[in-house]
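Following this message is one structure expressed as structure tokens.
Labels run A, B, C, D, E and F following the written order; every chain starts at residue 1.
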């Protein structure tokens, strides 16, 4: 099991250091996974932010009255974060609440969490950026979640940005967007993506030298 | 009256120097004002822009023919700007016109205006950013307003970003968004927000030290 | 013909060096062209990007099955780019595919193309920004076009961002947006825009000195 | 208390037999309630359907995995319907699930419920129309709720169609839409609305006789 | 002038009795008018409603405070309706107000107006349908316009449903939608449309007899 | 093969005569097909319309210039309709063109086609309704397709209303919406759906007799 963990950490490190979402998406296409890229509306809150980790899923819903214990499940969901995971939260694209903020970022990092991807808003963005904690959101709103939404469940399958995310899937985000890598194909996808990065260098070089796309494609069979 | 003005200026300075929109929104929640944050689509045109001031409201509407005197009310509305106010303009979320630009920014600043918040587009964004004049808008379009929209009224109640804004309300914007503070609760809201900033430091410290959210919440009763 | 080309290149250089989209849009208004600014959703992928060039139009459509030769027309459309042109691509605002990326940017630049304007997504944004190749898009998605869309035609009239673009029209983009200049009025528009830039300096100076908008407008008759 | 109930039933009967939503909305305006009409997207599933009753609120959320006991709260929420009430359900405008259908209509009617208003879809529409059971929805989708959404709470404050609905408020729907009447002003609103219906008859008669709107307005001071 | 009026009335009668919007749109296409059909969101409030008349344009805007004399321009705009005209009102697609209703329908008919086309809501729909007065709207809302919108101008160029409408253009609506016929081409368009109706009968007959579309198109050169 | 065809026709007849989309969707859920119901925006153009048939897919795209031979692929796509099929057309939700109309309906029926489902507009709706030819569309627009769109392919996989449709899948539409039945599970789905219709009768009867949903669910284990 230690070996498995080490192997997993190595894969994550390879993604973090050598890959980008576009090449991972291309390899997922070849494996028949065509719907793994989240909606373009979920963006890193700062240029340069990248995140990769096992999905720690959270499901929230809008409410219209402050609950007696508003934060019970929300607190539990964040305290359950484990090292190397990334919070992936569905608010059903709520434009009413703001689920994420600096305190949840601080708590997540303290548990070893790698970042947060949410189909809703964040706040405390200046502080989060200063922390260097990667957050991908649909925007910003300065409101508290307590009277506006509550956590319904966590560690369950969700949809985020139009993609089904199962707990344990690997999520990977950079400036081009976010891809969800099903855990079963992770090793193959990483290995093939590393190779594709290399072959793209050849294609790029030919184009820079002035060859036509037609010539490059005829030679390498890929774009 | 001088005392009142001084007191008001002091409150504005406190907001400008010590507060952020999220903490102000939290305090407004406690006072029962739950709908004071504008839609997330209204964004500062540059990171780091902040604005606070009394709302100087303007109401515009799309038109389809250049008027005989296209700028009459528009000119009057900007010439009526007073020191310490912030233009808050409703175009009814128009995607056709562009009400704001460099000249209006220059004229507003010359009258002592603090900035502009608009549920529509701006142009001349490079020049405005160079001026360091804070503008919050729904985006950019390089078109003139004259044949596309006209000012209907100013100094009247409007809605901007889904929030009712009465002339004299205080508007406050930063990277997280914009909150509207009703004038009646301004002193209380500022005082309580200053205190909340301090208490949040304690919570943050505990989390950084590795305490669970559960422990922090049990101790301070807030997140 | 050489003279014509020189004259054209001079006009393009004037736009690139002395003008901005807002002043060009104002002059187009005077000529009765009121619908030449693209939708505000098409944005430069980095602040500071500017592009001007003859429109090299491309028309794509979403598909749901990888074609036998997926890139035939796409390759032809990019290999047909000529120096001084700018790719203007319509995907019908697709949120499914991602037509643009680094390789097409590299190939376009190798043919002398000035940039790309697209009513859809791009990927490889980090690499493109590093190249300094101006791309205006509706956002980012890390997916390949091959199983998601195909080029239907190029060098044909299209609509992009709500504006009709004929091959050969001049497109001009900066941080305020994108304007399409019909080729027939290009010389007049450029000449008048240069003059308008100068007159705006006078207006701006008066406003900075504290004159009212009313006084400035009465003197110069323009805003 | 019996007297109160009788009085309440009488008010409901007056609304049902003599009033329409437009006149009730006008009277609510006069009382300062300007935001009581639901979004125009919630429509009766058949022309001629009218409903009036005390709001029996239900709050649902989308989910992405069939629950162990999918219908527990859903069943409880409908079994709790009381005579003279109208189900008002918020799905947060879900386009994924379909919360309502024939069986819930049958069960609601069996408990004495008057109808259903939902910011989501219904199914079994032919059967429901045949039953003559009034349903107001945002449309139709033939899918089961069990693997797509679950009831979170009922008998709580909700928002439906953009209007806050407290349990016990009176909801009233006809072909023009749906208004929510706060329980406190119900007797006054009904009494004034009955009078306004009469005065509108006079206005209408004058207009039919050919008088100008100007003349009618000068005479009656209302439109 | 009487002759002209007679001729005009004859053309209107021909449209009313013999034509439908699709055939008129086809003929407008041939004349190079490709953008004369309004958005599909503007629908007759009842199946079977048809309207044709000279456009009597009205321009309204949302407001957020009841005006001192809320109905001044609204009253004037309707009292100015002339026989054979059709009200065409732009509310800028407002979802907040409801500009139209039974009293305005009654007043318009009393002045000889043929109907109303509006890019906003109507109310009193049951009464209007009973009157048999054709109204084309984007939906229904039971609210009064007085505290929500006001008429800004009338008899001016507007846009309605995405189409520019000049006062005096002829508007024609049926179940397929609404087309705007520029007054200059009216006689030609009507004449050609009458002929096209006849030729379509031939095409339809061949198809009913089982001929292939290919054969029919080869014979008549039209679909 | 005749046996197969007979068996297939029998299944289609069973769907047409005994089933409705909701019960089919429920059975598809049990088989793990959770995304087979099209978006709620595609509606029958008249109440009571039902359609069932093998999908005859057509893929169209918007264009901005009339083609030399505008109807070549369009004609071919309709002339290829076979008895018992139903045209399923993707226009990528175009709001610009109108692909369907009376002549295509007539030609489709002449070839034995059962109806048309389109994620776009139709025209000639009165004539189509009179024909009793079932059309499911997103609305109506009276414009010709020739200068606005063209057929790209047919008999290929498409997406329509958010559901992947492969040629040969069975599509079934009624007033609740449209479901796509993959051909492999057709016999099982039909058989199970017939049984489910019967069991729902028992549930409905108990509810009518006044039993609680709780009691009914405890007894039958289904809702």
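Definition applied: a residue touches a chain if its C-beta (ideal position, glycine included) is under 8 Å from a C-beta of that chain, and two chains touch if they have at least 3 such contacts.
Because the structure is a prediction, the values reported are computed rather than measured.
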Of A-B and C-F, pair with higher C-beta contact tally: A-B
Taking each chain's C-alpha mean as its centre, the one farthest from chain E: A
Taking each chain's C-alpha mean as its centre, the one farthest from chain B: F
Centre-to-centre distance between chain C and chain B (centres being mean Cα positions), rounded to whole Å: 32
Centroid distance [mean C-alpha coordinates] between chain D and chain B, Å: 36
Averaged-CA centre spacing for the pair chain E and chain A, given as whole angstrom: 50
Residue list for chain B, restricted to those that touch at least two other chains: none
Pairwise chain contacts, counting only pairs that touch as defined: A-B, A-C, A-D, B-C, B-E, C-F, D-E, D-F, E-F
In the complex with chain C, residue positions of chain F that touch it: 59, 61-65, 90, 92, 94, 152-153, 156-159, 164
Residues of chain E that touch chain D when the two form their complex: 71, 74-76, 78-79, 95, 101-104, 106-107, 110, 121, 123-126, 138-144, 146-148
Residues of chain C that touch chain B when the two form their complex: 20-22, 24-26, 29, 34, 37, 39-41, 43, 174-177, 179, 200, 203-204, 207-214, 216-217, 223
